[in-house]
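The data blocks that follow each hold one structure.
There are two complexes below, and they share chain A, which is joined by chain B in the first and by chain C in the second.
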Partner chain A sequence: MPIAEFNNIHRAYERGKNVLDGVSFSIEPGQVVGLVGRNGAGKTTLLRIAMGMLEAQQGSVDLFGLDPRDRPIEVKQRLGYVSEDQILSPVMRVEAIIDLHRSLFPTWDEAVAERLIDRFEIPRRAKIKNLSKGQARQVALLCAISHRPELLLLDEPAGGLDPAARREFLETSIRLLNETGSTILFSSHYMTDVERLADRIVMIHDGSVLIDTQLDELRENYSLALVPHETVSSREDLLGLTNCLGVRDRADAFHAIFQLEPEKASSLLEGVLGVRDTRCTRIALEEMFIELAGGQG
Partner chain B sequence: MQLHIATGSELPIYRQIMRQITDAIAGGRLRPGDKLTSQRDLAVQLVISPLTVKKAYDELEREGLIRTERGRGTFVAAGAPAIDRGEQLERLREMARRLLSRAHLSGVSLPDLLELIEEAEAELAAEREASRENPQPDDD
Partner chain C sequence: MTLTWWLSTIRRDEAVRVLPIWLVFTALNTSALVGMVAFRGAATGSTEASLQGLAMVLWFALVAPLVVGRFRRRCSRLDLALPLRSRNLWLAHTSAMVVAGAVVLTASIGVVALHSTALTRAPYLQFTVPGVASLAIALLAAWVLAAVLLQSYRPELKDIPGGVRYAALLIAIVLGVAAALWFLVSIPILLAIGLLALAWAVTNRTLRSLPPVLSLVPREPADHQIQHTSSAATGSPVTPSSPQTDLGMAGLVGRIIYNAPPLGAATSWFMFIFLGFVGMALSGIFDVWMDDVEVLRLIWLPFGAYGLFSLVGPLTYRLNSLDPLPIGRRLIFALLTLPALLAFCLGYGFSAVVKETTDHGQNLVEYRIEKPYYWVDVPEGFFEIARDGEIPTLTSPWGESYIAWSAPLFRGSPTVLYSPFNTAEESSADFEAWLTSRAIESVYGVSVPWAEIRDRYFEVEGEQLAGLATGGFTLAADYGPLVPPAGGPEFPVILLLVAPPWLLLLAVFLRTFRAGLGDRARQAVFWSVAAGLVILMLGIAALMISGLFSPRIVRGFLEVMLRQVGDSPLQTISLWMVSLMTTVATYFVARRQFLKAELPPKATKFMLIDWTGETD
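And then the complex of A and B:
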């Protein structure tokens, strides 16, 4: 049974302008899913809907087989959540924040919390406002995982951290996966972090799921074709091909992304459009993101 | 042995790991019976998902290059890989086809490609030679 299921989620902030326009996917136990998309694509909205902080206007979320609207407390006690703009009270001391979380979560594991405090070298008596941004995020992470959540929701967890703090955050996540095999849904703009942590990516674009695939599949079964302008009459010729996910009209050529290995994309272009010897290559996640989500310019 | 991975590559990370271990075995830097870094330690070392390391090790094991002994660890397998010759040739044929179409796409002719293969063979032989003269100590 999936740990989480998003069914046809719709959400608009302005009437008639859906940020999420029918998003559906589910997460199996043990999966680490990287949620990617441009700013404003609705990643945060989706994670907040999962957390019960926002409601979907249409569609439903199912967590652990439960509807969070019916069983909000039970569901939250089985979740962990960290976000970039999460605010821990600046005047509270680290130990008081930990005490608070311990009292909220029946499954709190003191050994996990202790180990993390030691590893992070966080001073217990310090007030949040006197910690660095990276340390404050570590406190948030500690509070989010010490009750051993069945699902961890991370919204841009390394956002705003310097490269060293980001790497440390990543290492902690890897250790966590080693120790508990957690299920994680995390959003990130750092494609290198996504590559290191995720085994599957879900890309949201124009309100719905554009790509949902294993990360390795993405690199093995997708390709970028550079089609010279003079060989086809318009981008629509390319967009009309099956397995073509997007086309950008660039100065050098049409950049077309195919859900095919390079060799197959090349034969498709030759077979259907009669375009021969197109340069087709495998493509890394970051370029894929830019090709699919980037503007036409 | 020291592995390193590159993000932002079009080669999946698990394939980067497989390639480095396979090359090390072919080049004699890893010998039968040598112990590999545990999956968990390698995940922490390389800062990548343990699932990715598991996938690489599983594939290598399927190819007969390494074997895992419960509770003891993972080792370089002794002798020839467990895959039969027919299947191996079939795999090589598949790889050759890919290599050829890749070369075709990049505008590299067959004679140039064959020359490239011979160069690579010479490099591997030199590596094997070097590691025979001064065997590397375990550095993991």
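And then the complex of A and C:
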């Protein structure tokens, strides 16, 4: 049974401008899912809908088989959540914040909290406003994972942190939760983080899921073909091909992404369009993101 | 630095930027305080406001925004990044404070001058306000000194740190300068010279102590850093805090809501005290010390709803940080609304107790003589109501009669309030005594024969009353203790007129926290409601000034009605039930909207002035 299920989610902030336009996917227990997409793609909106903080105008969300809007307390007690713009109350001391979370989560694990306090060297008596951005985020992480949530939602959790703090932050959260088989859905702009940590990628583009695949499969079964301009008449010729996910018209050539192994993509181009000796290669996630989500610019 | 830089820096200083609001705030404060001075003067029979009293009015009206204002910010972060000397930044900010204060002071003096003109012309008041021009120089000098002293605290920092020390300093400066004004205001020019000399000395000393650049934060480490280091050094085990109870959790959530920006703890407490004060005003406590202040009480009815409403708006700012936590919306809504309502109710309750105690010592039945008029003076709450406008004739056992004095509830209303105790000028002393006896019985339930009243208290010439006997109208001493009957159940009516309207308006505001409705809609609704309540308040004042109704009559009408209700336990219980049930029902209506609300990630502060200045 999936731990989280998004069914045909629609959401608009302005009438007629859907941020999410029919997003559907589900997450099985134990998966670490990276949610990627451009700024404004709807990642934060989707995570907020999962938290029950926003309401889907169409479609439904189930977390642990519950609707987060109908059963917010039960759902949130089983969740952990950290976001880039989440603001812990600046006037409260770390210990008061921890006290609050301890009282809210029945499964609070004092040992985990203590371990993280020691590891991050967080001053207990400090007020949040006196901490650095990295420390404040560490407190947020501590609060989000010390109750060993069944599902951790991270919305750009490492945004604004330096590379060392970012890695420390993500590895700590992933490792700690993997110990208990927790599920993680995290959004990030750092493709290296996603590639290192996630075992599955969901890419949102133009309001819907463009790619939903295991990371291994992505490495094996997706390819980039550089098709010289003179070999095809237009971009649409390539887009018309089966398994072609997107084409960018660049100065050197058309950059086409195929959901095929490089050899098969090359064969397809030759067989259908008569384009020979096309350079087809496997593609890194960051490249794929730029090619698919980067537009024609 | 060029003149352009100085002007531009002063213009964008926080002290100058809040000037429009500060002006309105101070003008209203000054107006209200001068009004109270005039009322007080009229009540005590003095015909001129004292110079000291005026100095205090103007001074405290001027410095009130210091308590919550953003004068602690000496410059912006951008200024710190520019090649500017700390001396210039400090001087620019202090100058901006002085300039803003001077503008506000000028407006205050204008308000006082207007009052002075109105009060001098009012024939029934015969109350004059002395010229305030001589005060202006002393007050301006006082303001300059206050600004300089305030800015001399931690001058090396970009922002003056808040906290207990700052609060103590602020109070000391305000009260210290007030004391100087109080004792030396009779020599304003000398006082001004003295204050300015002191300001110059403090400025010099501060400028000498300034480092080349201002700092964002203090040089010394904060307490937590010291503690953390020592803890790490000693390796002492850290004991986890004890688990929180539900009440403790609610307390922590309350702290997040109230102690954090945009309100902050100080402003939150100020708001609670203010709401308590509104409750006090609506209890009528000020009637005990000042006559003719029913006008304030009526006006403050919509102000009660306004005060409660305007508090909740800014509190929504911090809610998005609570939204991801498993905290019930019902608890959050209770924390948003109930403390404010409790402050209001406590203010009312405290005042009601004080008023009840004070009322016992007051003579509710007086016989007044201001020749050529004589009358039995009884509070309007002991008058009677004629719904059809049929005013009875007061007829004594021996047949002397007079048509009772009456006044319509409002202009054109068939319902009238009439006094069953008033007499004509030509009434006999016996008739006056008979009606006085009726008034005593009606108010205190004590029967005093009218002949005894005539013989004990009146001087009679022929059949007419010539005056009061030498000992005066010593009713309480002669027949006391006289315990007035308990008033009717007033609080449920006040609650009904304040809480349900507030909660319904809150529901309308919370309805805008929905998908598809943007910040513009929320702002429009919030400010429209707030403005609507203020306009309602002003509208009531305008209707009273235009003579459409009299606050005394309206109050008397309500008190008579409430007294009638109070006579019947069933009616009293019913009134309480209606009031409480309506309040609870509207609470649920508003809460329902809150339960459905979507809290926007980028929240709005819903404040005219961002006292905390979190934006920098």
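We adopt the following convention: the second predicted complex is superposed on the first by the 294 of 297 C-alpha atoms of A that agree within 3 Å, B and C clash if a C-alpha of one lies under 4 Å from a C-alpha of the other, contacts with A are read in each partner's own complex, and residues count from 1 in each chain.
Following the convention adopted for this analysis, contacts are C-beta pairs under 8 Å (C-beta built on N, C-alpha and C of every residue); 3 or more make two chains touch, one makes a residue touch a chain.
This structure is a prediction, so every number in the text was calculated from the model and none was measured.
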item	value
Which of chain B and chain C A:Val232 touches, first, second, both or neither	neither
Partner chain in contact with A:Leu177 - chain B first, chain C second, else both or neither	first
First (chain B), second (chain C), both or neither touched by A:Met92	second
Which of chain B and chain C A:Glu14 touches, first, second, both or neither	second
Chain B versus chain C as contact partner of A:Arg102, first or second or both or neither	second
Which superposed partner A:Leu197 touches (first chain B, second chain C, both, neither)	first
Contact residues of chain A, present in both the chain B and the chain C interface	none
Residue ranges of chain B in contact with chain A within the complex	7-15, 40, 43-44, 47-52, 55, 98, 101-102, 105
Footprint of chain B on chain A - complex, ascending	30, 32, 167, 170-171, 174-175, 177-178, 181, 191-192, 195-199, 215-216, 219-220, 262-263, 266, 277, 279-286
Residues of chain A touching chain C in the complex	11-15, 44, 48, 51, 53-55, 57, 72-77, 79, 81, 83, 85-93, 95-96, 98-105, 110, 113-114, 117, 121, 123-127, 130
Chain A-touching residues of chain C, taken from the complex the two chains share	222-225, 227-228, 232, 238, 240-241, 243-246, 248-249, 252-253, 255-256, 259-261, 264-265, 318, 320-321, 323-329, 515-516, 518, 598-599, 601
